[in-house]
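Quick notes on the structure that follows.
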Amino acid sequence: MNLLGEVLQQTVNGIALGGIYALIAIGYTMIYGIIKLINFAHGDILMLGTFMAYFVLMATGPTPLGLVLAFLVAMPGSAILGMIIERFAYKPLRNAPRINALITAIGVSLFLENLARVLPFIGPNPRQFPTPPSVFLSYGGVGISNIQLLIIVVSVVLMLVLSYIVERTKVGKAMRAVSYDKPASALMGIDVNRVISFTFALGSALAAAAGILFASAYPLIEPYMGIMPGLKAFVAAVLGGIGSIPGAMVGGFIMGLAETYTKGFINSQLADAIAFGILILILLVKPSGLFGKETSEKV
Amino acid sequence: QGGGEKTIKVGVIMPTSGTLSTYGVDTTNAIKLAAEEINAAGGVNGVPIEVIVEDDEGNPEKTKAAYLKLVTQDNVAAIVGPLTSNCTLAVVDSAQSDQVPLITPTATNDQVTLAGDYIFRACFIDSFQGTVVAKFAYENLGARKAAVLFDVANDYSSGIANNFKDAFTALGGEVVAFESYQTGDKDFNAQLTKIKAQDPDVLFLPDYYNTVALIAKQARAQGMDIPLLGADGWDGITDVAGPEVANSYFSNHYSPESDDKDVQEFVKKYSEKFGKTPSALAALGYDAMEILGEALKKAGSTDPQAIRDALAQVEGKFVTGYIRFDENRNPVKSAVVNAITEEGGNLVVKYAATVNP
Amino acid sequence: MKSILEVRDLSISFGGLRAVDHFRLTLGEGELVGLIGPNGAGKTTVFNMLTGIYRPTSGRILFRGRRDEEPRDITELKPHQITSRGIARTFQNIRLLKGRSVLENVLIAYHYRVPYSLLDAVLRTGRYYRGERALVDEAMEFLSIFGIEGKARELAQNLPYGEQRKLEIVRALATHPVLLLLDEPAAGMNPKETRALMDLIRFIRERFSLTILLIEHDMSLVMNVCERIVVLDYGRIIAEGDPESIRRNPEVIKAYLGEEVEIA
Amino acid sequence: MLKVEGLRVNYDAIEALHGISFEVREGEIVTLIGANGAGKSTTLNAICGLVPVSRGGITFMGEDLVGLSPHGIVQRGISQVPEGRRVFANLTVEDNLLMGAYTRKDAKAVRRDMEQVYERFPRLKERYRQLAGTLSGGEQQMLALGRALMSRPRLLLMDEPSMGLAPLLVREIFSIIQDLNREGVTILLVEQNAHMALKIAHRGYVLETGNIILSGTVAELLENEEVKRAYLGG
Amino acid sequence: MRKEYRDGLVLAGLSIGVVAAVTALVRSGFTTLYTAQVITLSGINVIVALGLNLITGFTGQLAIGHAGFMAVGAYTSALTMMLLGFPPVLGVISGGLLAAVVGMLIGFPTFRLRGDYLAIVTLAFGEVIRVIIINLPSLTGGAAGLKGVPPFAEGRMLKQIVAMDVVLVFMFLVIALMYTVVRSSYGRALIAIRDDEIAAHTMGIDVFGYKMFSFTLSAFIAGLGGGLYAPFFGYLTPQTFTFLKSVEILIIVVFGGMGSITGTVVAGFLLTSLQEFLRFLKDYRMVIYPLILIVMMLFRPQGLFGEREISISSLFRKAGGKRTSEEGDPT
């Protein structure tokens, strides 16, 4: 394979990985945007969503219909889970210092992971996620697998849907109003609790979708599976400008590509270091992230 | 000494919870099974062995705590464990200076037994497995160009990888790609694309089966159909992996399919009691306890020096082969190579070869 | 009268918006000048540039600080450097340390000239104890000048609004400024409180021989205490002069005061 | 229209309102004056459901408001211009106005009302795409008022709308309040600027440290010595 | 005698008393070496958590990578002892110093930004430092770990006891350092930055400079903790200094109360022993531990102590009465 071919191939790999990061990053960014909370449990919602899909696929087998069904079960299922977590763990802390909520989020994260480990139907051992047999569509040495194609298509569609919701709909604008000033939003007649719940639902549903895609590409699932993608997606969200949805998308793709290129052309051990290096570099040049709005405090 | 005691206490340090709990529980079960058998056969010169298990979660810090508890609170005569090399390395210096005989069933890192003359192990060392697989690939498979993909953050994986590289090159082969990743990585497409570009004959994946299953899946998805090679970390891979791991070979401590009498007897007892075929780690745990039992009998007391000297003398046939300790208290024994093939839609593990040191 | 502040052609833009445009101002020692103008004219922004919180797009700020003979360029300095040269301010929205005691709020202002080193603090030398006692004594004295020494140990957030504003002024004065910038000190005060504030401003100016620049929308206050008034509109100076002339200036009436001017 | 009876509100251990009662009748402008910290904002927030009521009753058009959520209260026709403006800094001026009309479904009428707000405050029209957070204090106050109008309230609560405004604008705001009132909006106005407030209101209440100490028609209050001394600077 | 000196002496006496008492208990066999190990580990955790409390609790800058500074301290102390033959205490201090230098390097670009970028950058740093350690096998032992760090003293019993004593002494020194810094004009400057950065800046406080100071000192203290860990434990592996370790430290700070030194000390001992105490729960322990944390945050979000301290003078003043006092003014 020539170098150009290799570069193209790595780009395909990077975009597929980046699509997954982007989906997770959107959830992080939305939740951070609305309650200024780094939701550490986001990766664990992804994990639980993936297990929901796992049980569906075990029943149906890895058929296209089964996959559709898995999305239809896991996304609403995780949405409900996200809402429950918000209601019981985060809502009572809405007026507490932000760091408290952060600690709680870390607590929820550890709790979900370890609960999953002791639950008899999940357990600590990795399981094989049912996937369709891989097909490699190749054109002159450069190719894309059926799963990578699925990831790219599904993630792009979901991102378009989400952008529409947030940018164009009333509830999307309400989300932005609530993110800035909750009492004032309430005075506008906005049901603040509903809007926050909705945000969690949306973010969690996207996490579940990302989880299914992730598991289809890396078909071994276990209770800790959400940690690493969660962390990297978080970096993607910050890099794109936390609170900004287009930022999260672009950040996700940058992370995916940077990771893949580093592994492919430099040195795999440097992948994380370079990802964080890019982050710091971008923050130094543009402190609010690529798409973040400059919010110099007006005094 | 020892005569006044009602039991001889043996400490076991194993990760019975945490990420490694599957391995830890299997091995602990086998150790307990061996102890029960010794006790059923009259114990150590009439005194029964009492096994005290401490969980270390696979975390070196916890290993140290468990060690101190066993040594200072329970006053154990000897220790079987820990499971991983990292955890074992955390306590060997203390065990040596505290004069506590310790035999790890499974820690393969070369450094472990260099801590001193109280430290033993029941498994062969990393460098040996790298050589075994290299020899097998070069001689049995006729491979000349090999690629390696390993976990740099894991000493087990990088140790074997380096040994393979040296051995394979020494045999006259060429390692055309030597790529790595970090523990916990799930995406290997970048490295595989790079490896594929080098067009190797075999791909060596010295890691635990969970990671190997993922790599294999991605390698096959990229259209690589060369044989995959592995080491004892692959033990149990057919439970989690799909057809992508067919056409592979891995070295191991023993093969439950072997027609050896001791092996068959152990497999039968273990599977009757715990409902599953014993893994290689379980076999090693069983052997470690057996070795310690024999040494205790020979020592005739719980004096640490006596136990140490008796351990060094142990020689004989065990489940994982004929064992004799070399001057570094590492067992000199053979390894087996298993082949994974697909037969009628099912994965089958078959004994392929025995490689002698 | 020597000038202590000279602002030359100060401008700043936010994105496309030119919030302040070629602003010029010279303040003589001991003057009390008012800065007024419609909302959004750029008054607070001028303060922000003078105190180093915003960096101007162009222009220079020359200031003759406590120790200097000649005015020096302070345009590029950081807020804390400017404070140490002798400019202090209050904020349009009160920015006290809410969860700290009144005394601590004042002590903060002494920090840049704390009389003991970190090493003294760690080793608890005599210098530390003497220094700390001196600071507290001085702060208490300050508070007593303003009649709130009795509340020294209360949390700042528990003070009534008027006293919070007062505390902000005390805290600014505790940095020993030569020039004091007050941003709408009477906002949210009733006429009675406003009158008290007027007296306070006159008093501190005498007591600490200060030069004061004051933003305020309450004309009763501005017209009564200021000697000179500068009027801003859309970032530009549209008028400058004594209160009487400003009150009659047709442009100011049109842009800011409105037809019927009533001063209590 | 609005009836408050024996209202008590606590912040943790401190009681901020010690059982106040007053009423606002349809078509009136009622002003609530009082010094800083008297509890004026607390009263408005209690009506809007933003702070929990510990005792007492609030009824609006005969319906009990206690225990309703803020958005429920807004839907019943009460709107507040909060103290300190509280505009949505991260939304544009236009989006802020649209948020004001959040509970309304009639898109066309909303458009019309928006044009009306722009007519009233040309400054806002000039900056309709600017982020509200970068507006000056006065501009934000205009926006807050405009935003409240967008919900077409029956009862408008205003918390110190003249605070920090240029004299020209203060008069402007008060004349808008009168206009609105003439158009049929009932208004409860909290003010420090008793002078102006008493000029446009029909009736007033004086609040001091959590108690209503005086009430009456504007004429009565203007006569009162205490009011003159403390709130009119006379 | 002046009150200040009296307090100082009482504190010093108390500290010596505590060290002597636990040493005697272990020596006499009344408590086992296992207990000594838990005490030592608690002491180390307290030291690192105090460092974190300085930057996060007192200065208001969230940092979630203190395991990274521990790692720097631990490896430095181990290597200076093993390669340069430093005596243990010198090794420990050089560990602190190098961690401080690293802290400075990280802080310098980060504090030019406003906002919680420190959280992200420290998170990243915690990960990157491990990668570096793993990739320098000739120096650090790589993934296999660094074995054979010389202990504070030889002998099964002595080794543990001396380690415990040294750690406790360091702990008391760090407490004294923290206390004296925080209760001074310098500490007030940090708190002012936490409460309102812009106001602090216009009051003449060099915000950037003090953030740097606080973070560097914080890294130094965490480095000391790591430095102590090396000779105490004898074996270092990058696996020890993970994100979870940083979280564990953060939990101690929050549990005890951000901005409370007493709180950090109490929480450090409580939580470290709780981890041991809950061992019998096996895998369920890791379910219950976070649950306790969540419940704590929900029902007592300010932590055990809030911002309060137990102070010696208040013990004297109200002997027998209430034992804690609101953090008073430094008079």
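We call the chains A, B, C, D and E, going by the order they appear; numbering starts again at 1 in every chain.
By our rule, a contact is a pair of C-beta atoms (placed from the backbone, for glycine too) under 8 Å apart; a residue touches a chain by one contact, two chains touch by 3 or more.
The shown structure was predicted, so the numbers you read here are calculated from the model rather than taken from an experiment.
Listed by label, the chains touching chain B and chain E alike are A. Steps from chain C to chain E, taking the shortest chain of touch contacts, total 1. Distance from the centre of chain E peaks at D, each centre being the average of the chain's Cα atoms. Placing every chain at the mean of its C-alpha atoms, the farthest one from chain A is found to be C. Between chain A and chain C the centroid-to-centroid distance comes to 48 Å (mean Cα coordinates, whole Å).
Inter-chain spacing, taken between the CA centroids of chain A and chain D, is 42 Å. Each chain gets one centre point, the mean of its Cα atoms, and the points for chain B and chain D are 76 Å apart. Chain A and chain E have Cα centroids separated by 33 Å. Within chain C, residues 44, 53, 91-93, 95 each touch two or more of the remaining chains. For chain A, the set of residues that touch two or more other chains comprises 124, 269, 272, 299. Taken residue by residue, chain E touches two or more other chains at 131, 134-135, 198, 283, 286, whereas all remaining positions touch fewer. Chain A meets chain D in the complex at residues 170, 173-174, 176-177, 179-181, 183-192, 293, 295, 298. Of all the residues in chain E, the ones that touch chain C in their complex are 4, 8, 177, 180-181, 183-186, 188-189, 191-192, 195-196, 198-208, 328-331. Within the complex formed with chain E, the chain C residues making contact are 51, 53, 78-80, 83-84, 88-89, 91, 95-101, 103-104, 107-114, 116, 118, 121-124, 128-129, 131-133, 135-136, 152-153, 171, 175.
On the chain D side of its complex with chain C, the touching residues are 35-37, 84, 123, 130, 134-139, 141, 160, 163-171, 192-195, 229-233.
Interface of chain B with chain A (complex): residues 18-19, 21-22, 152, 179-182, 184-187, 189-191, 193-194, 196-197, 210, 213-214, 217-218, 220-223, 240-242.
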